[in-house]
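Labels run A, B, C, D and E following the written order; every chain starts at residue 1.
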Amino acid sequence: MLFYKGGYIVNLFLQQLINGLNVGSIYALIAIGYTMVYGIIKLINFAHGEIMMFGAYFAFIAATSFQLPVWAVLLSSMVIMAIIGVTIEFVAYRPLRNAPRLSALITAIGVSLFLQNLALIIFKPDPKVMPKIFPETIYKLGEIEISSTTLITIGLSLFFMVLLDLYIRKTKQGRAMRAVSEDKDAAILMGINVNRTISLTFAVGSALGALGGVLFSVAYIQVYPTMGVMPGLKAFIAAVLGGIGIIPGAMLGGFIIGMVETLTKAYLSTTWADAIVFAILIIVLLFKPTGILGKNTREKV
Amino acid sequence: MDHNKKKAYLINTIAIVATYLVFFVLIQTKTMNNYFVGIAIMTCIMIIMAMSLNIVAGFLGEMALGHAGFMAIGAYASAVFSMALVDSGLPLPKLFILILAMIVGGVVAGIFGFLIGTPTLRLRGDYLGIVTIGFSEIIRIFFINFGPTGGAAGLKGITRLVNFHNVYWITILVAILIFTLGRSKQGRAIISIREDEIAAEAAGIPTTRYKVLGFSLAAFFAGIGGALYAHYQSFLEPSKFGFMFSIEMFVIVVLGGLGSLTGSIISAIVLTVLPEMLRSFSEYRLLIYSLVLIIMMIFRPQGIFGRSEFSLTAFIESLIQRKKVKNSIDGGEAS
Amino acid sequence: MLKVKDLNVHYGKIHAIKGISFEVNEGEIVTLIGANGAGKTTILQTISGLLKPSEGMVSFEGENLNKVPAHQIPMMGIAHVPEGRRIFAEMTVLENLQMGAYIRKDKISIQEDMEKIFLNFPRLKERIKQIAGTLSGGEQQMLAMGRALMTRPKLILLDEPSMGLAPLLVDEIFNMIQTVNDAGTTVLLVEQNANKALHIANRAYVLETGYIKLSGNARDLLVNPEVQQAYLGG
Amino acid sequence: GCSTSGGSADADVVKLGFIGPMTGDAAIYGSSAEEGAQLAVAEINAAGGIDGKNVELVAYDSKADQTEAINAYNRLRDQDGVVAVIGGTLSGETLAMKDIMVQDNMPVLSPTATAVEVTQEAPNVFRACFLDDYQGQAAANFSATTLGAKTAALLIGTGNPYSEGVSEAFKAAFTAKGGTIAGSESYGTADKDFSAQLTKIKEMNPDVVFVPDYVQTVGPILQKAKEMGITAKFVGADGWDGVQEEYADAAQGNYFTNHYAADSPSETVQNFITAYKAEYNKVPNSFAALGYDAVYTMVEAITAAGATEAAGIITALNATDHAGVTGTLKFDEEGNPKDKEVTIIKIDDGQLKFDSTVVNN
Amino acid sequence: MTVLSAKNITMQFGGLTAVDQFNLDLSANELVGLIGPNGAGKTTIFNMLTGVYVPTVGEIFLNDQSIIKKSAHEIVKLGASRTFQNIRLFKDLTAVENVKIAYHNFIDYNMIQGMFRTKKFWVEEKKAQEECMKLLDIFDMGEYADTLAKNLPYGQQRKLEIARALASDPKVLMLDEPAAGMNPNETTELMETIHFIRNKFDITVLLIEHDMKLVMGICERIIVVDYGKTIAEGTPDEIKNNPDVIRAYLGD
């Protein structure tokens, strides 16, 4: 009896862990987009949450009005958002390339507000219900249940993380991205097309944001204009926690935030869950001021 | 030099008093109705908030995105204090209660600024930004869950003590104090950290101490802003002090020009009045507001005034100068 | 090879280059000397496309560079070692050199060139995995030079390459410039160390606040009393 | 004299103000209520307005922010010269404006602000909806008596006074009826992931789960609960209205308390639904219904007062006896609806079915 | 009398030993040169002496007081100040403001007095302005007092940095490649200035420089480091002819 009780507690805990992994993997995907854009132009792209939201809306339209198959829903939403992301960079951020960083931050806030209110006008405030675009099966591992959506979400974010990390560290184009992020003029002198490199980064980041948005809306059923705000903020925190600008860091941060959030709700307090997430972030940063995977490089003088 | 300074003092004093008199007359004759007075009061409060944030963002050069948290602390602390004071039934004049409440709000917020700033200020830039967001969210969540101040439903029954007349003079006083701070030994030390922290250390500035000082002062003045807010609204809701409110203040500061107090003032006026002017556009209002924000930043990335201050004296002189030049040209033609 | 004609460059309202014309012929070493703020760096940056001239033009092998996007200029065969080195501080030494070869495809010749550079700067080979930002000043200067050479330029623009280098290395750098030049690369050199620069250069231009004040054969300028007085320390 | 330069000069229209969130997270409440209110205004004008004068509804966005709400109210009063106000929509914003409204003695009828304090010590402030505790009590009575539940679990939105208030009342009433609260879980206002809480509720295995929140929160909760195989009956409050649309499957067979039943044979109700659908191409929720009733009630009062002067309107409001979509509206001395009956709705096949009515004693 | 001394200081970065058991003794009023190949560890030695880095091992004494683990600003207060290899000015402040910031410790009023501008504020600020102008005048920079640092010509920026280092009234002044980027004429002028301030302020100067004309011209004693270790020490003439130094550093 006692043994049974123990097993039950463990199962409950594992179930909660899986819940956390699910949220975490979505945060991770969105965080990767944040981190990429941050990495290259040192801009906290506040509009990333809204990219995610629009991505979800396009997927919603693709799935309901056009009845496209899953892969086409994902792909179309990612492509459209990649284009929109590049356009936003071109219109709103490029003119501020050489301006103080905080000014670009304000523009990003402006873009975020703009997109949110645009969505409000186009789509109206009431949430749309996202159809279940993935085949829904529940897998049972003993007492623990995992839905196929959860597995797909986790799989996709791991896949993209590894892919992107390799891309940035190992390929020539990836090195070019890092070069641009460090010194644009020097990058030009190497023959790198800076504008194109930045556009590419925005395209990739926005496509991932869109994917995150679709997964988020599938997991939590709804699509609505302000849906990007909270996950956007959480993903941003995740990116910082892992070490902003570092792709595996974003991933790690996403998973940690997801876990902490879920376990806090399960075992400590739901009302204080967000506060605890922030408290953990702060504590981690106090001990590791550049995030978990951030390098503690001191400025050489 | 000294003569010029005296002249500048005189001109500024005249301008401040004249502005007040204009408002005074408009209000007394009811030309300005309560709607406008309400906006004017909120504008003054936002000016205080923006200027105080400018100490951290502009002088110290740190990205602080949690100013609403300190405002909340100041608002709640002062409200609890003044409610107790009013309940005690002591026959105190309103203004006196308000000033005491402001001091309480400012000091409590300042203490929190000190407590939060001390461990966190060794973080740089964006990392500091996120931590300040974190703290202000924790503060907000605290007030949502804290029964004695009404929790999520809010704190009701705060005596309304703020009117345009007192808020105007308090704003002027705060503006002067922050301005003189910027031009003192302490202000210079804080600014040097913004310019180059390593060089500041090498010049003998105890950077940590001055960072904490700047942060606490900003929190102190934010607390005063919060106190005024509480005693104007007479009702406090934790949800007001969310992330977006902090962002709103930050936008004001950057748009006015980091480090420019006159910039903060102008920008606070514009960004408080603009949404009101757009009110009749209903749902398009925020769309327009955000567009204006983007366009302003693209065309004026360093903010309205950059890092410099608007000088009334210089402005008047340039007007006179232009007139003189014009006169001489006119004269030339005549002869 | 390189022709600069009636060049004018502005920084906002500051008129930094006020109608300058000069040329660099294939195979030459040409040096620009002049006091601080004369506009030397500005000229180099305009040639490599980092700055746009307000008037006048720069042409390279007959092609008008004003019309070429900046990032394509390296592909035409111009490399630039910028003032203050501008290495990629967070990348390793190796990655910096690889960035230099960004426009090149041929892996084998890239490898060969890299070996050559290590031969010239053994210190770089020792530090191949080190993060470039933590290199000493002189090491960074070597890296910047190596990185530029990795593009296999026809023309290399050098902005104060000897700044901050130990005497031994200064000699080495000048030797290297000579070697690079001997190997067929044309050099446009900006230097404070006018003495050394004039010694290896074929021709020189003396700049003063945006104008060319003097020009001619490097040997002649070396003995020109005006130049000696102003730039050679007496 | 206190006649101002405001816009009240236009004598041919009677202006009513409306305040509610139309942007941001809470946009859905404000805009629904406004839609209902605008519909009522259109109908009234089509029927000849107030003594031949057209009614105009000037609506401002409060952004769910107290400062915005106060500014909006000040503007309605000073610039637009409204004679009465429908609003605010949320409790918080209404409380923020209340003091000034009382000072001004402005006739105010909030369609949907449910917090107790809204009408306290405010002779000029009324509301059309019943209070949080009123329907919580009704839901508890229904759960214990009709559903025969012995144990109940609660899932509460903290930081949301509505959800907290209704739950509190439910808890008290349910225990009073001899039931046991198996446990209560909560979530924050911005939460979207409820798996942690539901995993725990599943383990509690209660007869009834009480979830008083709005559709956009309740929908995903029900969906998740269904996925997780929770078999307990879910019971909710008026915020559920609309859940049958998008979450029909998940909500199947569950109950909630409401202001009216859409399948009520009442002509008023059916007319309202038809008109609303025609105008906005969607089914009205209870916010819309309350906004609609609020305007009718206010216009009736103005008509009865025979003038647009505040004291008269307030007196008339006190004497209200309006048969609206959400039932018969009379006010008690505090300005709250009196003896309003609570309708219990069952979700069945994507339809809201009238189940029963409860009147708390 | 020894003003500044370092005992066996070592600095390791990961596996790299940048400075290896280095010893230093500076007497009052000396003018000492620190030279060595690029990457020899000279700047790192400065960084340890001024509290930017804490040595992995070793002890440092300033006026017989241990300054190990003291923060940079405390060391400044105790009397050692420096300039940087890559100029680090407060770019958006004027020249005189740059100097005033380093004069900080000699301005005596508190924050309240400053905010309310009491008499004390005016008196102290006037004094500060005068003292800082005096310093600028020493470098012939009076006319640039109100120019933003970033708008100064390069050579002036270098001089301003020295003026700023002097404002904290140091006993020891450490200059890291002060002549880098200067032409020979400017270098000569700088040499004279360094000489002049050493005598006028009666301080010890430790100087890193690659310009041999300057080093040999003014230093009384020269220390040569390579791979973090001292390889030679002596008068300019001794150093000039030291075969080790010629091989590692000077070349022939």
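We take it that a contact is a pair of C-beta atoms (placed from the backbone, for glycine too) under 8 Å apart; a residue touches a chain by one contact, two chains touch by 3 or more.
Every value quoted in this text rests on a predicted model; they were computed, and no experiment measured them.
Novice: Which chains are in contact with both chain A and chain D?
Specialist: Shared contacts of chain A and chain D: B.
Novice: Based on which chains touch which, give the shortest step count from chain B to chain E.
Specialist: 1
Novice: Contact counts by the stated rule: is the higher one at A-B or A-C?
Specialist: The greater number of contacts lies at A-B.
Novice: Using CA atom averages as chain centres, what separation in Å is found between chain A and chain C?
Specialist: The answer is 43 Å.
Novice: How many angstrom lie between the centres of chain A and chain E, each centre taken as the mean Cα position?
Specialist: Chain centres of chain A and chain E, defined by C-alpha means, are spaced 48 Å apart.
Novice: Cα centroid separation between chain B and chain D, in whole Å?
Specialist: Averaging C-alpha atoms per chain gives centres 38 Å apart.
Novice: Of all the residues in chain B, which ones touch at least 2 other chains?
Specialist: 141, 144-145, 198, 283, 286
Novice: For chain A, what residues touch not just one other chain but two or more?
Specialist: If we look for residues of chain A contacting two or more partner chains, we find 117, 120, 271, 274, 301.
Novice: Give the residues of chain C touching no fewer than two other chains, as numbers and ranges.
Specialist: Answer for chain C, listing residues that touch two or more other chains: 134.
Novice: Residues of chain C touching chain E in their complex?
Specialist: My answer: residues 35-37, 84, 123, 130, 134-139, 141-142, 160, 163-172, 192, 194-195, 230-234.
Novice: Show me the residue ranges of chain E that touch chain C in the complex, using the header's touch definition.
Specialist: 13, 16, 35-40, 43, 85-86, 153-155, 177, 180-188, 210, 212-213, 248-251
Novice: If you look only at chain A, which of its residues touch chain B in the complex?
Specialist: 38, 44, 92, 95-96, 99-100, 102-107, 109-114, 116-118, 120-121, 233, 236-237, 240, 244, 271-272, 274-275, 278-279, 281-282, 285-286, 289-291, 299, 301
Novice: Which bits of chain B are touching chain E when the two form their complex?
Specialist: The contact residues of chain B facing chain E are 177, 180-181, 184-189, 191-192, 195-196, 198-207, 213, 307.
Novice: Give every residue of chain C touching chain A within the complex, in rising order.
Specialist: 48-50, 69-75, 79-80, 82, 86-91, 95, 98-100, 102-103, 131, 133-134, 147-148, 151
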